[in-house]
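Both complexes below contain subunit A, partnered by subunit B and then by subunit C.
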Partner chain A sequence: MSAVTATIAEDKMGAVHAKPAQRDEGARLGFRLTLPAQILVLFISAFPLLMQLYISVTDWSPLSGVGWWNAWEMWNSFANYTDLAADTRFWSALQRTAIVMLVCVPAEFLLGLALATLFADDFPGKRIFYSILLMPMMVVPAVAGYMFFMLFQSGGPVNDILSRIVGAPVTIAWLSDPTLALIAVMIADIWQWTPLMFLILLAGMVGVPEDQMKAATLLGANAWQRFTTIVLPKMKTIIIIALAIRVIENFKIFDTLYIMTGGGPGVATETISVYIYKVTTQDLIWGYVAAIALAILIVLSIVAVYAMKRMAKSREVPA
Partner chain B sequence: MKRSVPFEIFRYAAILAAMAVTLVPILWMVSMAFKPIGEWSATGADLTWWPKQPTLANFQFVFGHSTNDLIVALDHTAVKPILSSLLSAVFGTVIAMSAGTAAAYGLSRFGSGQNLPLALIQLRLFPPMAVMIPVMIMWAFLNLNDTWWGLALIYGIVTLPFAFWLMKTFFDDMPREIEEAALVEGCSRLRVFTRITLPMMRAPLASAALFVFILNWSDYLIALLLTTREWVTIPVYMASLSSSMTGQLYGAKAALGLIAAVPPVIMGIAIQRHLVRGLTFGALKQ
Partner chain C sequence: MSAIHLQNLVKKFGDFTALKTMDLEIADGEFMALLGPSGCGKSTTMNMIAGMEEPTSGKILFGERDMAGVPMGRRGVGFVFQNYAIFTHMTVRQNLAYGPKMRGAAKAEIERRVGAIAEMLQLSPLLDRKADRLSVNILQRVAIGRSAIMEPAIFLLDEPLSNVDAAFRAVMRTELKQLQRQFRQTMVYVTHDQLEAMTMADRIAVMDHGVLQQVGTPLEVYNNPANVFVARFIGAPGMNLLKGSPAESDRGLVIDLGPLGVTPPLPGELASAVRAARGDVLYGFRPEQVALAERGLSMPVSFVERIGARTIVHLGEGESAVKAVFENDVGLSVGQTATFAPPASSVRVFDASTGLAVKAG
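Here is the complex of A and B:
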């Protein structure tokens, strides 16, 4: 182990002057510097995962009167996992999470891309517009949830604007209708996270070389052709990164949604995080929650490993 | 590149539309925070976009100065939640930044901890909800439930990936000549790190710390699970405010929302330059 680190240290810090003693000192210092982070990672991964695995094969709950270490007394031979397969509320929450993702992420991407295109070159007022358009992503998500909770009240401003457009009083009960409530929480998510797409995509667009664009213009390419043949291919990696970030974060959706609807009406806006939260705090069957959580972690890990292998492969062949 | 006049008109029209959509939700909350109770849930023709009689009563109310309009009195005021948010976010940032900066330097210069980049990205990948059962059990065992220091510890771990990746890209970008010169002069590597590298990196360190602070300050779910009464943070406190007498305390909640929303927005604008780097784990620099 120490030999390996030493060779890496050598080519990291210029081998020219590094005496062997200095190299050892570097490896030792490197080890000590990374130690706190390693301990924190271990503290939050190894032990909790083992605990989760252990509890997930029992009926343990914080109300069961025995410490979690004695949960084996309540061993239920993998019943939690078979229950999970038959749990329709879990599967419909998963399906709902997927729907939210399939609507929100593409919407945020397209809106962000459109905005980034408008901001690609300089114009008067660019900086101030840019700063204001980024504001939603900095608002605390729970507060954003409360903003939209107020906006979508039946006597609230959204209906007021609609009334003015239609010319007759509109009193839609947004948050108590199953379909409209889902639409409302998706609007809130799109409002908050389109700026993130805009920010990242604009940063990528600025990197597209100007001379190629000029050459294409001279050759007679119109704006749309320049966009699809030069800008988009150059931005491929950045687009993948931006989409990956939003997919990961959107899968966790909780704060805004929970403040707006609490997962309701009924279970109409119950996504996977909200479902787990409710089972954790209301039903208190933690053995079952551990099983759900572990199943999700395993699936996500497989997806992550697969995605990273794909990305590593695509990096070998530059696009 | 020269653009045509119709394009410029279209551009400004589109941007103004986007600005309106961006600002209406924010301004509605700002307006609500200054509305007297009578205007809170006025509807139809009475709906006011801007308070007719602006008042600070909502702010006075959440800080415990009971007003005549609001019959209810709070059983505890916003002071402690604000303190809790501040303490947990600040110390969470301290934990994430110290562990993250040290580890980033160790990896960037000495190649130690090769497992960390991937392990930390994985940490970020998982929904917090899927790892909270063991955390809640461990925190109860360590007597960390419902304390600001318990929150600070989990915040430090949750935001460690950002601190580590941001600082790693900053260290990778930094020219090594000065460090190497100091080494030749006979400085120990630890002294080089603490006396030369860190002071040179003051500005990036500050940006990274602000970025991590915003993330910690913005949390709702973890505080909701790990605090119950004594040390609830602003978002948890805000969500719990409602009364059987007046129903939703719109104005009071909006006032709290405003208090919670202002610091990260200001900080975010201050570190705009580094936002892309922070959000993409350094994959993309602006």
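Here is the complex of A and C:
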């Protein structure tokens, strides 16, 4: 087996770089040294993927009485994929997920950036505020879900505070109104994940060389000009990483949301993860779930590949 | 406009006094080096001139203008940082254009000025290179160009050569000196390297422990150090200083160095100054001025360093150790006794209690 892999490897190397023999030698040695790890990674990532692909073209479910490896008996000639294309509930869940992402990620980014700018300088009580600020991130999402579930009850603290501000009793049914429920869910997500954004962006901001900032000041740049011409460009890589992490994570939004609304009222807050969960546990059509999951994986992979490309482009040696 | 006056300048960081009452006049167009060991307050002084730090008390004037409260972006000061602080995410062109662009200059105007400055600094072929892959002398030129494009009246340089390897420093020094001649600006240059200060500066301000020790031309500072610190700090190796007390002899006033014997008589004017000062003194002379003689001080050779062009001979031990520098080689080896006499004109005498030079006349 190893002989076969080696030949394949050689072929690949030869095709990819037609470079001096010495370089080839190094690449080959590197390939051999990383081979065990590569096989392991390949197995871990490829096996579930292939299994999913396999099931996605069948009508298999745990109740169908055959093992998943025998699912070929229930081959349905890509019916799952054609169903998916026509599944309006799927498309509206996808759309909803996109809306949540397009609101939450920019909000988290801007809040995180503002907080990072604030925390890049010293001010009294910074350490305490810093610890407090990081706490939401450490709360178990399910707990955060219960917390916001309580907060947004019609007799809950949110309405209480609002009625004190307005001076008249407020009884908004946050979680039973389709639009308000979605807003409540987004608020919870922003509350929980802004700290992560803040933390990553702060790390990037602290890494901006101080003397370059001073040089910019001496050359007459004001605070805003320094921010746009020095800080942001230097943080480009880290901003892309932060956004990619949150886009991918937010796309999979589930636990907090499910505990707050269960995807309801109706399907008003049903995101893609909630939909998959329901199809898996309630309808038990696993072949179809596999098809959905693959479709989403493809979407997220495109995001990840794009981010990686941008990162490779903007990577630079720090001064 | 571009002369700098520092008046009673004091800077404290909490309990620590970085700078104790500094007065310094830097003339228009002068190249002034602030020289001293690390922690002497030279960088603090420079940062206050640039406006990065506010003085605890005292005044900084540029010409007639008081700089108190003027933010650093408005002082018209060019600053070259120790590591140049080039914007690595930009091209050379963007670096040079940064200042005018931030001030809202017109595009055509920026282009013209960048072109002119690049021409002057021989950066034209490099304008579109990314600034993170430049050699250090190019970086220096970009750093100077980026400041010079703003036409500052004052240029501040914070140890720009300290990150450069020794072989390259000579090249950079020459280049820097030429640039200063080209721009004719007032330059303040902070360094701990006396060679840089001596070779480039019009005048040197020697500092130690937050106190200005002496201001003078390189040769003044070298030939007539104002005190023991300057005497030891300037020169490589520094001035030899031997403890002794003045004594009258039939040949004139001599210094009794205890077990080392007595020195040759001091020249007339210096002798009368030492007589007037009274008390114990330090007898000083440059290692380079030691000449072997028939009569004079005799000391055992403890170590000989031969470095080609020069030979450094270490004489005696402990408090009374003396170094002597000879051209090329000298016929001395360890264990021998050397007899030498510093020429009378090169002898400097310092008050042993205050450390200040006893000046003839």
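Here is the rule we use: the second predicted complex is superposed on the first by the 250 of 319 C-alpha atoms of A that agree within 3 Å, B and C clash if a C-alpha of one lies under 4 Å from a C-alpha of the other, contacts with A are read in each partner's own complex, and residues count from 1 in each chain.
Heads up, the rule we're going with is that a contact is a pair of C-beta atoms (placed from the backbone, for glycine too) under 8 Å apart; a residue touches a chain by one contact, two chains touch by 3 or more.
What you see is a predicted model, and the numbers here were worked out from it, not measured in a lab.
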| item | value |
| --- | --- |
| Partner chain(s) touched by A:209 [first = subunit B, second = subunit C, both, neither] | second |
| Which superposed partner A:296 touches (first subunit B, second subunit C, both, neither) | first |
| Which superposed partner A:91 touches (first subunit B, second subunit C, both, neither) | neither |
| First (subunit B), second (subunit C), both or neither touched by A:306 | neither |
| First, second, both or neither for A:72, with subunit B first and subunit C second | neither |
| Touched partner set for A:233, first subunit B, second subunit C, both or neither | second |
| Subunit B versus subunit C as contact partner of A:219, first or second or both or neither | second |
| Touched subunit A residues, subunit B compared with subunit C | B |
| Subunit B/subunit C common contact set on subunit A | 214, 217 |
| In the complex, subunit B residues that touch subunit A | 1, 3, 8, 11, 14-15, 18-19, 21-26, 28-29, 32, 41-44, 47, 49, 95, 98-100, 102-103, 105-114, 116, 118-120, 122-138, 156-157, 160, 164, 176, 180, 183-184, 188-190, 193, 214, 217-218, 220-221, 224-225, 234-235, 238-239, 250, 253-254, 257, 260-261, 264-265, 267-269, 272, 275-276, 279-280, 283-286 |
| Subunit A residues within the subunit C interface of the complex | 209, 211-212, 214-222, 225, 229-230, 233-234, 236, 316-319 |
| Residue ranges of subunit C in contact with subunit A within the complex | 50, 52, 72-74, 77-79, 81-83, 85-90, 98-99, 102-103, 130, 132-133, 146-147, 150 |
| Interfacial residue positions of subunit A with respect to subunit B in the complex | 5, 8-9, 12-14, 17-18, 22, 25-27, 29-34, 36-38, 40-41, 43-45, 47-49, 51-52, 55, 68, 114-115, 118, 121, 123, 129, 131-144, 146-148, 150-151, 153-157, 160, 169, 191, 195-196, 199-200, 203-204, 206, 210, 213-214, 217, 238, 241-242, 245, 248, 251-252, 254-255, 258-259, 272-273, 276-277, 280-281, 286, 289-290, 292-294, 296-297, 300-301, 304, 308 |
